Structures are given as structure tokens and as C-alpha cells.
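Read through the structures below before going on.
Two complexes follow with subunit A in common, the first pairing it with subunit B and the second with subunit C.
Showing the complex of A and B:
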């Protein structure tokens, strides 16, 4: 009797883990990775743009208002990472997630984790070039903003995909 | 051209940001103030006083506003360059970029002082204040032999040039040959210390171009093998040993070998079609143009030392251009005559 109960308990535990991690461990890992990817990318992208902008501002402090959107724009990927992490914690009942479902949540977080990291770094590079345009002519700000905004598109797509995948996970 | 994955290249670029980002931002603002083609055309077509009026609207204004005679123009442009170099020192603190650019003036001063000491040439108005070494300290070190006050690298340079001059007291060209060789090699060393792929590539191309000039000019002047040993610099893409080897070859073989190198296209343009002789003045011009093209190809987008170097060298070319135009106006040359003197590649940067 005791042996049968122990065997049933072990089976239940095995069913709730996948590749050695429980469902909520997988989900938390996905949430953390999404935020780390987006956050790191944004921090690097903003550092890049703000380093160049600081030089422009030393020479021409009046350009601060024009440059601020270009410095801030690589920061959005960090926000997408945060949104993903919050969605994971609120949309799923973490303690009750099976191992398999948790793993699905983890994989659904990957688009944001990777695309946001890479796009934020490249957006920082694009913003730095766009800052060069504004340094030459302030009236070019509109055009200059379009360039990093194009890089942003793919970060937005990754967030949409991640949210879409979340809705499909039962 | 080595192929790097985009991400790896982006990360490498990212590592340069804390080092150059601020400097490049400041450069971006000054790049906007470079003279454009329309303004240069206006300068060419105007009289001297109208030129000063046009330049008043630019960064040159405060330096040239009271210029009346040739000396005023020289002095004003010199002050402008001093301002540019002090800006460079300000933005490049902690890197080798400023030293990379100051170096040519230090070696220029070294040559002038040596020539005065050994051959009695006048140094009046010849010394430049754009070097990183104090001219008086350099002068004292060369004249007295006490090199203790010079920075570590320079004591060896002074000794090496002194030894070469003592070995060949007849020829002032020895000073140029040794100093130019040491300058080119040192510049490559600084580029390597800066770990900049673009600066290294530029410094190596400059060595090759200088070595080609030495080789082809030396052949024309029937120079001995010893001259090539003294003058050819190490570090270019064309091996020095190969060039030394070629210096003893027949002219046809020398030309054929050089044509097969990466500089073949440039050399083909300066060769007479009939006798395959090299037109030396064309060689100078074409090799200058080659280096300007190299400079133009430096990355205009990425944050790195190349952008700073490109800006300063473009400014120097601009100063040369303004000097030619203003001196031409003072000497009542026609716009067509002045335009003939200007190297069109100087203007390539401005489109």
C-alpha cells in the first residue's frame, strides 16, 4: 500500500517536470530571460546613443530636446521585456503549471529575449548615426527618427508574437 | 576584406563607444561646418575682399577678418589649425589618436632643426607649432645632444638621425630619408597601439605609397642600394625586403613586378605608354589621391577613431585649399589658374 502511494507520487512529480525543471521554473526562466535580453540590449543601445549625443550637446546644448527621442528610443526593448515578464507572472497560474506547459511558456518568451536584445543594440547604432544627421541640421529630426523606428518594428513584432503564443498556451 | 558576422562587428563597435563616442559626437557638429562645394565655387569666383566676406560666415571668420597681405592669411590659417589641434587634444585625451596626427609635425620640426644644425639651412618660419613636442626642448636636445628631456621614444629617434647624418655628411636628403622612414613606422606603431583596423590600414597604405615613391624616384636618380636601406620603411603591405630586392633589378622587371601588386592601377596611370618610364610628378599626385581615396573610404557611420582622423585631415586639406585660393587672389591669378592648382580630390569629401 505504502509502496503504491510512493510510486504514484513519483509519477506525479515526473509528470510535472520537463527536462529536470518544474513548470513554474521554466516559466520564471522564460520571464527572466525576456527581461534580461530586452533590458541588456536597451542599456547598451542607450549607452551608445547617449555617448555620441553627449559630444553633440557639448558643442550645441540647444539640441537637447531634439536628441532626447533618439537617445531614448533604444529603451523601448527593455519595456517589452518587462511586459513579457509581467504577463508570464499574471497570465499563468505558476504553481500549478505542468512541466510541459512551463516549457512552452519558456519558448514563447524567446522571441522577445533575443529579438529585443539584438534590435536594441542595433537601434543604438542607428540612433548614433541619426544623431549625426540632427547635429548637422536640426530640421532633419523627423527623418532621423524614422531610421531607428524601423529597427523598432522587429522588437514590436517579437512582442506581438510572444503575446500571441501566450494566448495559445492552455 | 575580412568578413565579420554583423553581430560580432556590432559588439566590437560597441566596445569603442566609451572611448570615442563623445569625441565623435563633437566631431559631428564640426563636420557640419566644413565648407561645401558651393561655397568653394563662390570663393573661386570672388575677389580677395569678397572671399574674406564669405569666410566671415564660417569658422574661419575670426581668424581671417583682418587679413590684408599674404602673411596675415598664413598667420590666420595657422592659428585656425592650432585651434583645431587643441580641439583634437581635448576630445582625444587618453587615446593615441592625437599623437597619431601630431606626429608629422614633430618629425617636420626634427628635420628642420637637424638641417639647420648640420647644413646651415634657415629655420625661419619653418618650425611648426602643431607638434606634440615642445620645439625648444627638441631644439635643445638636437643642438646639445642632451636628449634626457625628451619623451622616451624621441631620444632614440634623435640618436638615429644623428648617426645617419654623421655617416653621410654631404647629403641633406639623408635627414629626410631617415626621418620619413622613422615617422611612417612610428605612425603605424601608434595605429597598432590604438588597435584601430582603419588606422592601421591607412598607415600601411601610406608606407607603401612612400616606399613606391622612394623606389621609383631613386631609380630615376640612380641611387645606391644603401639609400634604399636607409629610406624604405617597414610595415607596409609590400614587403621591404621585396622592394630592396627589386631596387637592383632592371627597370622593366621592376615596373612589371610593381604593376602586379595592389598598387598596379595607380602605377599604370603614371607610366608613359612608350618607354614605361614613370612620370614622377604624376606619381606624387596619384599617390596623394590614392591616400585621399583611402581616407574617403573610412567609415562615415560607425563610431571610431577613423572619423576623428578623417575630420582633422579633411580640415587640413581645406586649409590648403583656402590658402591656395586666397594667395591666388592676392597674386591676382584668374579663377581658372587657381582651379588648376587645386587637387580636385581635395573636394571629393564635400560632394
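Showing the complex of A and C:
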């Protein structure tokens, strides 16, 4: 009797896997990848911006307040990665997720994982250039803030798409 | 709520009143001074020797103050904290007190005394460095036992301190024994892998000794001279180092004593810069044989104030006002009501509007407040930020720009409270754990069903961009470009507003659904046919219209979706808050009492971090929506900001600024 039940449980588990992973495993993999992409990109982007800002601050430490938003802008992609990862845990009942649904969740996480990574790196480079602009002309801070914010548009779009796909999978 | 009209103002005064007039104008801050040129004028005014000397003295004073501030910062014992580097100290005072700044400190005396102290500190540093090097060398030769003066040798023998690698010692000893037997090598001490030796040789064997030494890589040591043995000299050097160290501390104490003047010096620097600017402004004045002519721009109110102030100075000073002439390019003065004025800096940050444009500050005020509220979007953080910033404004001496920024964020935080209530966000606590009355106020659940809130954000964006289009319609209409207004903006407005209105009426059952398609179709057809009206050729008009229509629709779609960032940032606030709450719950169970303390620490630090990081995003992203999506629909900028001659200060807050 016990053996029959165990066999049935194993069959059910095998049926709920997709490409060897359970739904839960696929979903967690997607969530982790979303944050890894966003987080790594943000870290790199902030590093590029900080390197340039350090040089400016050596000459004029009073510009710290003006430069801080430009340094911090590439940090948002890491937050988008975190939102995606948390949404995976909030929006889906992970232990009951079928292998196929889990795989769909994984693919839905990919826009954030890749677009946030790339956009954060390039946003960091744009921020670095904008910092150079503010170093010479502090009064142009408003325009300098807009340039890196333009790059982020695509990170926002990737998050929107990921959330939209989650609602469709549900 | 608009660009305030300015008039041309001319102040004519005898040269003997020049300084008084300039002082008075700087005090009331009403006139934007322009360079005077005209056929009746002598060549532009040049500074007299006295004025040029005053300008040079101001520049010299500024460099003295900068040296003193830099000097005190360099030798500051306790380095400034993070907050003090972020928020510079401000000095509130009246204009009269500011103008008497130079009386509060004897700059030349402090400069001279601090220069002396600076020189002493440099000498002490050099001396310490030299003694430290000597001490390092002597420590290796403490076993020498011979006065340092005798190290050079005598009439018939030479003495040489040598340092070689320990592994080479045996080879060197053997070589010396074979080739220079009239020498003796005595080991004094070891230092790492090296051996310090004392080589005595007969002068006749000097060539052989030198040859042997050069063959076995040695370091030539240069010992200091003196009557004492190395160990006794070392004691002496250490005592000298100690003495210099205490002298150094005494000098640093004296430098600390001058730190009480930092505030006065910072004020003095601003005073000197203002004085120099005032003198240099005089070169813009017109010049006749006996009068000076000051020309510029002023508002109606400013003209009256200037007349009143000049009248108090003398009856012989003439103030004339006239309307701008054709070809004049007057500066732009923004004038908004009390509630809107703090937002003017957001418009200026991009560039003031030109004279033909509408001042969009009031629209920015409303939209920025709402967008900021959505980005924070938490009914817990909102009131905390609001109270903190109101207290900062009340009790901290802050500059006008920072006060405006804080007030703008206060409005936004009040909006965040409302957004937090309807989205059920309170310090990141999940909705299911909230009291029932809070749960019942929730309209949008961003986590469970995010699409409605995303739709609201896009709706707000559409309204925002439509208002920008209406402004451009107004500007075009006012400028007489009626066709441009009706075609370029009118059709777009008709398409969006008409379609949305028809959809609402259709949903309400007032009109059939087909009317929506009809309205949208007519608007689209109109756009395709007419939007290419700028092209010269017929094919250009036809294809231009199609291309412009495509561009308009795709552009509006992309711009509208861009507003979903408001939802994303609001969700980020909630999600990070929620993670912090989960983390605090995890540390709570670690230990009975310490766990609770740790939990409180995690909550305090975590939520503070969340507020700070999201404040940054809540400022930058709404600003981007204003500058890219909103301004992109109408704004040209290119105006010259109205900058009256007045006391300019970064660290001084003039309490009675503008009063006559």
C-alpha cells in the first residue's frame, strides 16, 4: 500500500517537471536570474559613474550633492530585478507550480534579467558623461539628469513586460 | 501664473552718487543690469584707478580667505562628518550685518599669523621626516660602539660601514682575507636578510678593498656625523622626535583656536565676492561727462520700488521706464503664486521659457506632486518625510533653493500618503496584516493585480501630455499661427480627447460603440491629410502626413507607457519595505532580548535606507517625465533668466533681502 502511494507520488512529481526541473525550480531560477542581471548591471553602472565622480570631487567636493543623483541612477535596475524576484514569490503558489508553468515564469523573468543588466551598464556610462557635463557647468544639472534617465526607459519597459507576462501566466 | 512682463528701466545719476546708487540697487534687487551703448554716450565706462584697486583688493582678500579656510581644513583634527559635508552651514543675518562683515575680523592679521603657523608646521614635518630617517639608520648600528665622527677613519686607516646580504658574508670575508689581508670585517648587527658590517682597512689596501666590495653587491651606508656613539645618538634623536611631536601638537592647538573664525571668514568671502561683482558691474554703465547711466530691465513692481529708493537717495537721480522696443530681448521673470513659486526652480533647472511662451510652472507643480506621490506611494513613509522636511525647514538655517526643494517634496509626500492609502502600502506591511479599516480603503492591489494601477499611471501620463499639447496650442494661437495650432495640436487633441470621450459615453450607454471608431477614424484621416502641410511638394504633403501621423501615434504610445515607471518605483518602495520587515522578523527570533534590539535596528536602518533611495528616484524620474515627455510636446526654453543686481550668497541667508 505504502509502496503504491510512493510510486504514485513519484509519477506525479515526474509529470510536473519540465526539462528535468520542477515548476518551483524553474520559477526560482527565473527570479534569481532577474536579480542577478539587474544587480550586476547596477553595480557596474554605479562603478563607472562613481569613478568619474571621484575625479570631479577631488577638485570640487562641494559638488557631491549635485552628483549623487547621477551616481545613483543606474541603481534602479537592481531594484527592478528585486521587484521581479519578489513578485515571483508573491504572485505564484510555488510548491504547486507545474513544470510547464514554472518554465513560463522563468522565460517571463528574462526581459528584466537581460535588459536591466545591459541598460544599467550603459546608463552608468551615460551618467559618467553627464557627470563630466555637470563638472564644467553645474547649472545644466537638469539636462544632465535627463540623459541617463532616457536609457532607463528600456529597463522600465522590460519590467512592464515581465509583470504583464506574469499576469497572463496566472 | 505666467511670465511677468518687464520694462526697460534707465537710472541717470551724477557720478558722485554712483556708489550709493549701486549699493541701493544691490540691496533692493530690482534691476537686471545690461551694458549701455548709445550714440550719446562716451565709450563704455572704464574703472578708475581707485575702483580697479578696490577690485584687486577684493580678489586678494578672497584668495586670503580661501587660503585660511583650506589651511584650517587641512590641519583639522576631527574630519567632517557625512552630514556636514552634505549640508553646508548657513549664516542668517541682515543685509546691514552682511555689509559690515569686514569689521568682524582682522583678515590681514589672521592671514599673517596662520601663514607663520603653516610655515612652522611644514618645518616641523620636514624635521620629523629627517629625524625619522636618521633614527631608522641608527637602529641598525647600535652595536657599533664607536663615536660617529670616527667612522670615516684616521691618517693611516679607513673605516667603512657596509650592508650586504647575509648569504654573501662568508664569500666576502674569504675574498677580503685573500686579496686585502690588511683589513678586518666586523659584524655589528643583522637587519632582515642583511648584515650590517664595520670594515677597517689600511689606506694602502683601499683599492683592493673597493674592488672586492664592488664584486659582491653591497650597499654603501652613509651614517650621520657626531661625537656620540650610534646608540646614544639614537636616544638623542628619539628625544628630539618627541619634542617636535609635542611642539607640533601645540601648533595644531593654536590652529584649532582660529577655527572659531571659520564662519566669519566664509561670510567675509561672500561679501568680498559681492563687492567685486558690484565694482565690475560698473563697467556696464553708460558714461557722460558728469553722469552715469544704468540701463536694464525691471518688473512694474520693481520700477516703483526703484523710484522710491532712488527718491530717498536724492532728487537729482532720474528713473525712467519704457516698453521694450522691436528687436529687444528682455529677460524672463517668472511670477507665480505663493503655493506654486517653490516649483519655479524645476522650470529654471531646464531653462526659463522664452518671451513668447507660456510659463508651465503651475502644471509642473501639480504633475510633479502627483508623480512624486506615486513614486513614494506609501502612507507610512509619506507622513514621516513630510514631518521631517517641515521640521528641517523650520529649524535648520537653509538656503532658499534647499527650502524650495524640501517644500516641493513635502507636497509630494502628502500625495504619497493618499496613494499609500488607496494601494494599501504602510511601511511595506502586506495588506493582509493591516487592520480591517485600512484594508477596506484599498482600491488597487499592486502585487496581486498590477494592471489597473499601471493603467492609472498611463492615464495620468496621457492627461499630462495632453495638457502640454494644449499649452502648445495656446502658444501657437497667441503667436498668430492659427493653422499650426488647429492642425498640429488640434487634431491630436481631437483624436485623443474625442476618442476617450466617445468611449466613456459608449460605456455609459449614451452613444453606440461605433461612434468611437467614427471619431477616431475622422481624427486619423484628418491627421493623415493635414499633418504634412509643412511640406512644399504635393507628394511631400501626402507622404509627410502619413509619416507624421505614424510618428505621432508611435511617439505618444511610447511616451504613455513610459509613465508606468511611476508604478514600478512605487512598487519598489513597497517591496523593499516588505523585505526589510521580513529580515527584521528573522533576526527577532535569534535571541530573547538582543533579537528585539536587532529587529528594531534592522527596521530603523532598513526603512531609512528605503526612504533615502526612493526619494532619489522619486525626484529624478518625475523630473524626467516633465522634461522629456511633457516639455517635448511644447517647450522651447531659450529665455534669459531675470537676474537682478543683488547680494548673491551661498552660505549667507539675508533675512531682509529685497527690503529697501
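The definition used in the following text is that the second predicted complex is superposed on the first by the 159 of 170 C-alpha atoms of A that agree within 3 Å, B and C clash if a C-alpha of one lies under 4 Å from a C-alpha of the other, contacts with A are read in each partner's own complex, and residues count from 1 in each chain.
Rule of thumb we're sticking to: contacts are C-beta pairs under 8 Å (C-beta built on N, C-alpha and C of every residue); 3 or more make two chains touch, one makes a residue touch a chain.
Every value quoted in this text rests on a predicted model; they were computed, and no experiment measured them.
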Put the two structures on top of each other at subunit A: do subunit B and subunit C fit, or clash? fit
Is A:109 touching the first partner subunit B, the second partner subunit C, both, or neither of them? neither
Put subunit A at the vertex: what angle do the Cα centres of subunit B and subunit C make there, to the nearest 10 degrees? 50
A:120 in the overlay: touching subunit B, subunit C, both, or neither? Say first, second, both or neither. neither
With the two complexes superposed on chain A, say which partner A:48 touches: subunit B (first), subunit C (second), both, or neither. first
Which chain makes contact with more of the residues of subunit A, subunit B or else subunit C? C
Between subunit B (first) and subunit C (second), which does A:27 come into contact with in this model arrangement: first, second, both, or neither? neither
According to the stated criteria, A:40 is in contact with first (subunit B), second (subunit C), both, or neither; which is it? neither
Subunit B to subunit C: minimum CA distance in the overlay, Å? 10
Help me check something: in the complex, which residues belonging to subunit C touch subunit A? 85-86, 88, 346, 349-351, 447-451, 454, 558, 561-562, 564-565, 568-569, 571-572, 575-576, 578-579, 613, 616-617, 619-621, 623-624, 627-628
So in the complex, which bits of subunit A are touching subunit C? 61-62, 64-65, 68-69, 72-73, 75-76, 79-80, 82-83, 86-87, 90-91, 141-143, 145-146, 149-150, 152-153, 156-157, 159-160, 163-164, 167
Note: in the complex, subunit B contacts subunit A through residues 7, 10-11, 13-14, 17-18, 21-32, 91, 301-303
Partner subunit B, residues of subunit A touching it in the complex: 44, 47-48, 51-60, 118, 121-122, 124-125, 128-129, 131-132, 135-137
